[in-house]
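Let me give you the structure first, and then I'll get to my questions.
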Amino acid sequence: MTDPSFFDPKPRSLEEIAAATGATLLNSQAAQKVIATAGPVEAAPKDSISFIDNPKYLPHLEQTGATAVFCHEKYADRVPKRVEILVHSQPYKAYATALSLLFPTAARPQPVTGETGVSSHAFVAESAKLESNVIVEAGAVIGEGAAIGRGSHVLAGAVIGANVQIGRNTTVGINASVLHAFVGDHVILHPGVRIGQDGFGFAMGPGGHRKVAQIGRVIIQDHVEIGANSTVDRGSNRDTVIGEGTKIDNLVQIGHNVVIGRHCIIVGLAGVAGSATLGDYVVVAGQTGIVGHIKVGDGAQIGGGSGVNMNLEPGAKVIGTPAMPVRDWVKMNMMLKSMVAKSKSGGDKTE
Amino acid sequence: MTDPSFFDPKPRSLEEIAAATGATLLNSQAAQKVIATAGPVEAAPKDSISFIDNPKYLPHLEQTGATAVFCHEKYADRVPKRVEILVHSQPYKAYATALSLLFPTAARPQPVTGETGVSSHAFVAESAKLESNVIVEAGAVIGEGAAIGRGSHVLAGAVIGANVQIGRNTTVGINASVLHAFVGDHVILHPGVRIGQDGFGFAMGPGGHRKVAQIGRVIIQDHVEIGANSTVDRGSNRDTVIGEGTKIDNLVQIGHNVVIGRHCIIVGLAGVAGSATLGDYVVVAGQTGIVGHIKVGDGAQIGGGSGVNMNLEPGAKVIGTPAMPVRDWVKMNMMLKSMVAKSKSGGDKTE
Amino acid sequence: MTDPSFFDPKPRSLEEIAAATGATLLNSQAAQKVIATAGPVEAAPKDSISFIDNPKYLPHLEQTGATAVFCHEKYADRVPKRVEILVHSQPYKAYATALSLLFPTAARPQPVTGETGVSSHAFVAESAKLESNVIVEAGAVIGEGAAIGRGSHVLAGAVIGANVQIGRNTTVGINASVLHAFVGDHVILHPGVRIGQDGFGFAMGPGGHRKVAQIGRVIIQDHVEIGANSTVDRGSNRDTVIGEGTKIDNLVQIGHNVVIGRHCIIVGLAGVAGSATLGDYVVVAGQTGIVGHIKVGDGAQIGGGSGVNMNLEPGAKVIGTPAMPVRDWVKMNMMLKSMVAKSKSGGDKTE
């Protein structure tokens, strides 16, 4: 259920939605129909917009409450007449765009206090430089020499370290911290994110471990999003880099010197150990660990709960610990299952 | 060691303890004996109360320092005479009740600053509504339109988002944040908990991933407890729900749209991916991952470090990745161990 | 890349560096050469110091930019003439010392606001006791009766609970919290660390789970370092203890009553369940889980992603779930791989 007290919908006409998404509205007479909300086709409420991304959802159209759907041209003739059609080659992307149009306050974490500009309950060092339209909420702290770009928000209780540079239209979430970092534009750091603290580096050995000072930085490129309570350590002697458009989920650990390419997806509770390098469009599923110093090629996909201890070729699809091709893993599990089943049937005799 | 500077014990007579727990004190002449502390039977100090939950601990009674023990009727005649007996059918539950009576400040996270009411160092939006006996500590922030019920505490540095509703006698821990959520009564959110931030939703694909606005909420029912630095994302198009009495440990990730039933236990570093549904009384051990969109039946128990990728029947007991019945897992590991052992004895020849 | 805006280098002569590290500068005529920075031998910039810890890096010396290297005596004659030699028996430890000398602000997390003493934007309870040279930054909160030792820093937004004692020269990081704890000297708690909240203890059962009040404390000994957003629960009836010099990475969970020895290493996303005991110099790699109530002997090494469900002998080297000797694990994985390969070659016939 969407609660209007949280997300204040902005109803839009189908014409406006078509224009914003680049979709073609097949029935021009429906241009002024108003869309107030959105939802997946099987649960779309009245006056909503939805999408068909996969033909298996087409049957749900019979009973959908949606006024209109984004849909690929090839399925258009399977949409019931009462549902308006917005033709688009990437229906789910178009839907995502429409959703942000209808619920602009859900598309970016919002300030919570209603204060504008710099709160009188915030601390901003005199030497910090804030461009226009920056919001700094109650309890936030901006360190010496920090710079915050136009339209960026530092939410309640967030802390920006000395000399950190934050780009434009970026959001630093509640109680997050950013140290020793350059952060790009349109970045979202969710609550409790920790950027730029010391990497885990020690000269180990008998007599105890001596701390190795970490003198690198963190570079977070444009359009990156990092989930709640995730941690990104600064480099020891090179920079830790999160590439443009990469999306990181909650409770993910990124070690020092890690370089992550563009448009990667890293799911919750995954860890990337020090000095590992990921290419572009890599997908790392939840709770997976990538050991230090290895390279993961562009477009590699790593299944959940895996342990990757070797370089991966571009496009590799692996899973398991140690990680292996998905087909081998499936085969291996079938064999093990079959062995256990055999042992059960004749088990007591042979054991 | 219990340090009185932290937990200020409130000594109680055995009579008071029996009354509060519903236990029967066998020796009525001991009613005025005073209990000052508590501990497990093998380590119970002088003037303490303890419990026997399992007959294997009975031998420890010979040397226990405890003045009295909660104990099932059937073991009563095995308790040494010098130890008083409080008969109860659920000795450990009775012990837990007694412990909270003796150490009331340990039974609920306490405010730290000694301030009463709303701290002059807190920020409370004018439109927020606070019932009576609410504490808002230094550094806390209450957003616009938020409502906090009677007897609830918002501890130092915690942030309550706009329009969030918090029930009565609930504690929002230090530096925690609660957004887009309705939280029930007698809930405990430990330090650094993150509730209600965006779920991890993107329309993925070449050209980059487009953010899917998350327009659901989080519903946290009564008597829920969530551990330090755990994260609960709000729903994308339905609510994320944590059912009554469910207890979640530290560093757990709960994805968007997840529905968790009543009285579940989810242990540290576990993750429940988006749109999964757990029944009532489910137990998820530490570091286990549950993939998205699956259903886990009532009373299912999932061992530590598992990866659950299929629906589980009510009462299922599984472990491993992929998760399998516990017996199969034990059998499989025995077989693998045996194979390795054989290969060692004759190994160099056949490899 | 090191950015001088973040780490303000303090150039030092080779003579100073030799003196501080106990190294011997072979060429006394080079004593006044100035070192401005540092880096690994393959990436060492001009005017830097580096180290040779492993002979496989010797070839990099041909093209290194380093002015000098720490190096074991036995490799000294393989260092090119243009590179000065600092002989040391533990080159990496000497390098770590030099690095902290050159970049003192990177060796300990720094305050961010530029305030000295107690910020007027902090809350310090009247009954708290602060020794000299304590820094309490904006947004920090010091509870009633807390004590903070000389030279310790409580950074922005950090919260110290009532009656907590913090030693000397300790740093409590940004937005961290410390409750019911005694913390030693020279401790570093990184941002978002959670110390001393309730352990996860419930009297479980039908009708719901009853909270077991946690009346122990947390003891953190000298020279401990705990990574960002890690959590350490206080004991239920004994203390949770982190031994001297132990280093814990980010997002690690330490359960109640856990006792960790001296100079252990616990890597990111690992979890140690309640009442487990680790000896000294134990290494726990990332994402590993240690179940409750077991004992891990001194010097045991546990590989990444493991599940340890039994006591480990001192010096044990294990990996896997359930954890087994590393050799057995390697053997097991080779056997499984070979089975899968065989099944592929003749597979379709026999399945």
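A, B and C label the chains in the order they appear, each numbered from 1.
We adopt the following convention: a residue touches a chain if its C-beta (ideal position, glycine included) is under 8 Å from a C-beta of that chain, and two chains touch if they have at least 3 such contacts.
What you are looking at is a predicted structure, and each value in this text was computed from that prediction instead of being measured.
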Chain A onto chain C, rotation angle from CA fit, given as a multiple of 5 degrees: 120
Numbering shared by both copies at the chain B-chain A contact, with half separating same from different: different
Distance between chain centroids, defined by C-alpha means - chain A, chain B (Å): 28
Per-residue multi-chain contacts in chain A, two or more chains: 139, 157, 175, 192, 229, 251, 269, 287, 321
Chain C residues within the chain B interface of the complex: 123, 125, 127, 139, 141, 143-145, 157, 159-163, 175, 177, 179-180, 192, 194, 197-198, 200, 202-206, 208-217, 229, 231, 233, 237-239, 251, 253, 255, 269, 271, 273, 287, 289, 291, 307, 309, 321-322, 324, 328, 331-332, 335
Sites on chain C touched by chain A in the complex: 1-3, 5-7, 37-40, 43, 90, 92-93, 95-97, 99-100, 102-103, 106-107, 109-110, 112-114, 119, 121, 137-139, 155-157, 173-175, 188, 190-192, 223, 225, 227-229, 244-245, 247, 249-251, 262-263, 265, 267-269, 281, 286-287, 304-305, 320-321, 333, 336-337, 339-340, 343-344, 347
